[in-house]
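The structures considered in this document are given below.
Below, chain A partners chain B and then partners chain C, in two separate complexes.
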Partner chain A sequence: MSFTTPYFTLPKFTYLKPKKLEDALSLLRQYRGKAKIMAGGIMLINLMKERKISPEYVIDIKGIEELKKISKTENGIKIGSAVTAIELQSYQIIRDNLPALAKAASYMGDRTLQHTVTIGGNISVGMPSTDGLPALMSMDSLLTIKSLDGERTIPASELVIGFGRTSLKDDEMITEIVVPYSRGFKGTYLKLINASEVAIATVAVSVLLKEKKLTVVIGAIAPRPYYFDHKSLQWNWEASLSENIKNASEIIGSSVKPMSDAVAGSEYRKEVSKVLAARALKEVFGGA
Partner chain B sequence: MGQGTPTSLAIIVAEEFGIPLEKVKINQLEMVSTDTNPYTWQTVGSRGLFSDGIALLRAIEDAKDQIKDTASRVFKVPIDDVEVSGGYVFSKSHPWIRKEIKEFAMGYTYPDGTTVGSPVIGRGSYAPVLNTFLDASGHGSNTVFHTYGGTGVELEIDLLTGKVKVLRAIQVYDVGKAIDPLLVKGQMDGGFIMGLGSALYEELKFDEDGRVINPNLINYYVPHFEDMTASIESYIIETPQKDGPLGARGVGEHVMIGVAPAIANAILRATGVKINQLPITAEKLWKAIKEQKPELIEKAQKLFFEEGIKEVQQV
Partner chain C sequence: MKTISLKVNGIAKEITIEDNELLLNVLREKLGITSVKAACWRGECGLCTVLLDGIPVKSCMTLAVEADGKEVITAEGLYFDEKAKKLMESFVKHGAMQCGFCTPAFVVTSHYVLTKNPEIDGEELKKELNGVICRCGTYYQIYEAVKDAEKYYKKETKS
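== the complex of A and B ==
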């Protein structure tokens, strides 16, 4: 039996696995436009099977040690782009300091996939349903992007520019994610899906609270996540918590314009955004 | 294939001859190869053990007849007086005249090397005889047996999102005779999970041109381990099926059928909301609650905001 449908075969490509970051960047430049980075490969391989992309060269970055490191510095926590979803959940420094990210990582596919899925790949997919971006955005994370020409830094909120599209140039790579907080903040990540925890989200909500700073990011409902903070939510630190949460939930409901797709309809997503945001806010303020 | 039918068939052979189960070999790969084996139809209609079991019992009968024929000559007793059971071939009237079954397998060999009889190969087949096609109005008899049973569930509904979680399930089925009770329970647990998939998750979706928009297992969701209902209790009733193998009737698909109605009825009892379309996704249930019982959503919101939030120092 031979399978000819695109779902079962991969197009021909040359597989490259550099050990050094500089080598990866030169290969990206050399084969500019014809090459794709492979991190976990979970999304890339599927896109290739479906012939949505057919790169001539696949550059595997999992052999580059410096992309797999996690460290704590004065500026916050630095996470290499090839750190896996399982690692995000098991490293103490992530669990203790960035609980929302650890929780988001626990939703990135099932347990088996999570050994392979990387944080860099997860956000570079640019799909609404990936869990890394809302979590990173709520923590005002920065992305370090490198090419042969040098390095630039962008806020995580500027990565995705449309459905499946990012602001990365085709010879650029995300090397590191910097989460500027490392202590003293509370966060949570809630997600509604129709089944258990391994399915495309209807709505995902990431909330961060640090002193008088509050952010709420709503993901999975539009090509780009929605970002709110205490100002746009008109949070009144003097008012009662239930009044604040009710008001914030209404503001979120009237600001988002969710899409309708195979997962859920727009009206439902709007309602669930309000409900999950209210529950997440209650959780971070300890109002349970 | 996969349901454990060969194990149940082996149990039947062991019981009928009275030999240890480990002496019975059923080669599952050979069993499904029509190059080397007789044809059996698909494993559909939960008919596997029922049909193959009856054919097997007939083959066992045929094999026993051959053994009895040889034994009656060896024992020098009439053929009606020979019985094969408990691992032995013996004379009913003179039970001390007996030999182990294996001595007859290739025909019987006397101590001096002379032989009587021939190798034993039993044959049996089965096809339902009283079945008819259905007529234009849907009447007729297109099934050999009916398996009855029932399912009950206990579930939790998130009124604000419509998400259902089944906490507990009980199912009782009359399988006639559980040849291997553990396999029957496996079929019942598995049937429940498949039923859960069609009740809550599985739905093919199409675009305006009729193209499937969820042609993969990411968007066409089937239950995962995480979706397993924490407590599934499966009970077996045994009212023998007179024409079934050792009284057994089929079980497998039947179990699926009760799941969705049980879930829909539990939702109706809990909320008064009627849903007559599967799957009952969170979105569908939320819409139905909003249309049929909006006061429930209001009540849940009130509970959340007015009683559910403890006032705390915000900074």
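== the complex of A and C ==
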């Protein structure tokens, strides 16, 4: 979030609250380019207060039941895009199977806002400060994107294309997130924030022990999160954990190019990324 | 302009609003409910927290139209709740305020927390209350007051 003077009012818009997904999609098409989707609305309302955006129509999707479901299928765990951060932390199915996501959700705003914040909103604004995206990327999640023309599926890593920009077209919305794993894997999520609660760096780590697959995602340091896997980290499953972690954090440090802003400088973010990555790896592999 | 119907502190209301009005403005200016404080206007301080269908929300981050068909509860409404009244008395007993500006928001939020889980762990309680800021720094007293009020929220054992 920026540090501009807050406004006390919102620009004029028409509020629409469809009950069905098809209705939301046709409204998006009908008012193409003039409408914005609102779920929790935290980011949307703040951006409107700052007059950074002034949509003519606001489409509230909180009334659409199918976007609020969480289910376990043979293809993994499916999470509706309007599931809230509180739900991600409290549902047993997420806590047991996707701990990195549950932990990331505990960082999405403060506790009160977490009743409102949704996973879809958190990732689709396309800001580096998202907690959901690094966690989802570390688990190789897929996003189901729908428009009136049908649906397409993209890897979570292809959602953000630049600062505040996503690959979503203006008549499309994320309807569902599919995490392809549900067992035999561990994960965690760590974050360093400064006193004003702005993220300096976030790290999401996921390990699939059975298939010896490891991913480390570093978020909040650049417009797009950085994705590493056991290959790019030159992880040697035979070598000792401390050796591997030391090596991996050096590789991370030499590959990331963090941004400098009011919150932290590039060099500091780079150091923090290395330290957080090492801590997260230790946690996931259990000590050392 | 549209008319929404909602229940505010137990009383059914019909209000005419614009789509772009915030719940905060409507509560303060149209309904005269002044325990709901307007401070940061950007969802950070939590002083405008109200219960919307029992869930704490920041009313500066909520459209008034979102409250259509729902029930809003503020600190004024909680005065008529036996348990919440004890909670408020506990705030007084423990001196859990200095200027008092954040008190309604803390009362509303901790009422929600204790209703949900009156045996909440201390660290969990601190986390649950992290959406509200007290600039006087009376957090410790607030924590003590809420902990002390737990007993009123526990299921009635035999008395």
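Odds and ends about this structure:
Here is the rule we go by: the second predicted complex is superposed on the first by the 264 of 288 C-alpha atoms of A that agree within 3 Å, B and C clash if a C-alpha of one lies under 4 Å from a C-alpha of the other, contacts with A are read in each partner's own complex, and residues count from 1 in each chain.
The rule is short, and it goes like this: contacts are C-beta pairs under 8 Å (C-beta built on N, C-alpha and C of every residue); 3 or more make two chains touch, one makes a residue touch a chain.
What you see is a predicted model; the values in this text were computed from it and never measured.
Taking chain A as the reference chain, the count of touched residues is higher for B when chain B and chain C are set side by side. When both complexes are overlaid on chain A, the residue A:P180 reaches neither chain B nor chain C. Shared-chain residue A:L113: touches chain C; no touch with chain B. Applying the stated contact rule after C-alpha superposition, one finds that A:W237 touches chain B and leaves chain C untouched.
In the superposition on chain A, A:L10 makes contact with chain C only, not with chain B. In the overlay built on the shared chain, the residue A:G162 is in contact with neither chain B nor chain C.
In the superposition on chain A, A:I245 contacts chain B only, with no contact to chain C.
Of the two partner chains, chain C is the only one that A:I45 touches; chain B does not reach it. Residues 110 of chain A are contacted both by chain B in one complex and by chain C in the other. On the chain C side of its complex with chain A, the touching residues are 18-22, 25, 38, 40-43, 46, 49, 55-58, 61-63, 65-66, 109, 127-132. Residues of chain B that touch chain A in their complex: 160-161, 163, 200-201, 205, 213-214, 218-219, 221, 223-227, 281-283, 286-287, 304-306, 308-312, 314-315. Only residues 1, 6-15, 41-42, 45-46, 49, 58, 60, 62, 109-113, 115-116 of chain A touch chain C when the two sit together in their complex. Against chain B, the residues of chain A that register as touching in their complex are 110, 192, 194-200, 202, 211-212, 237, 240-242, 244-246, 261-265, 268, 271-272, 275-276, 278-279, 282, 285-288.
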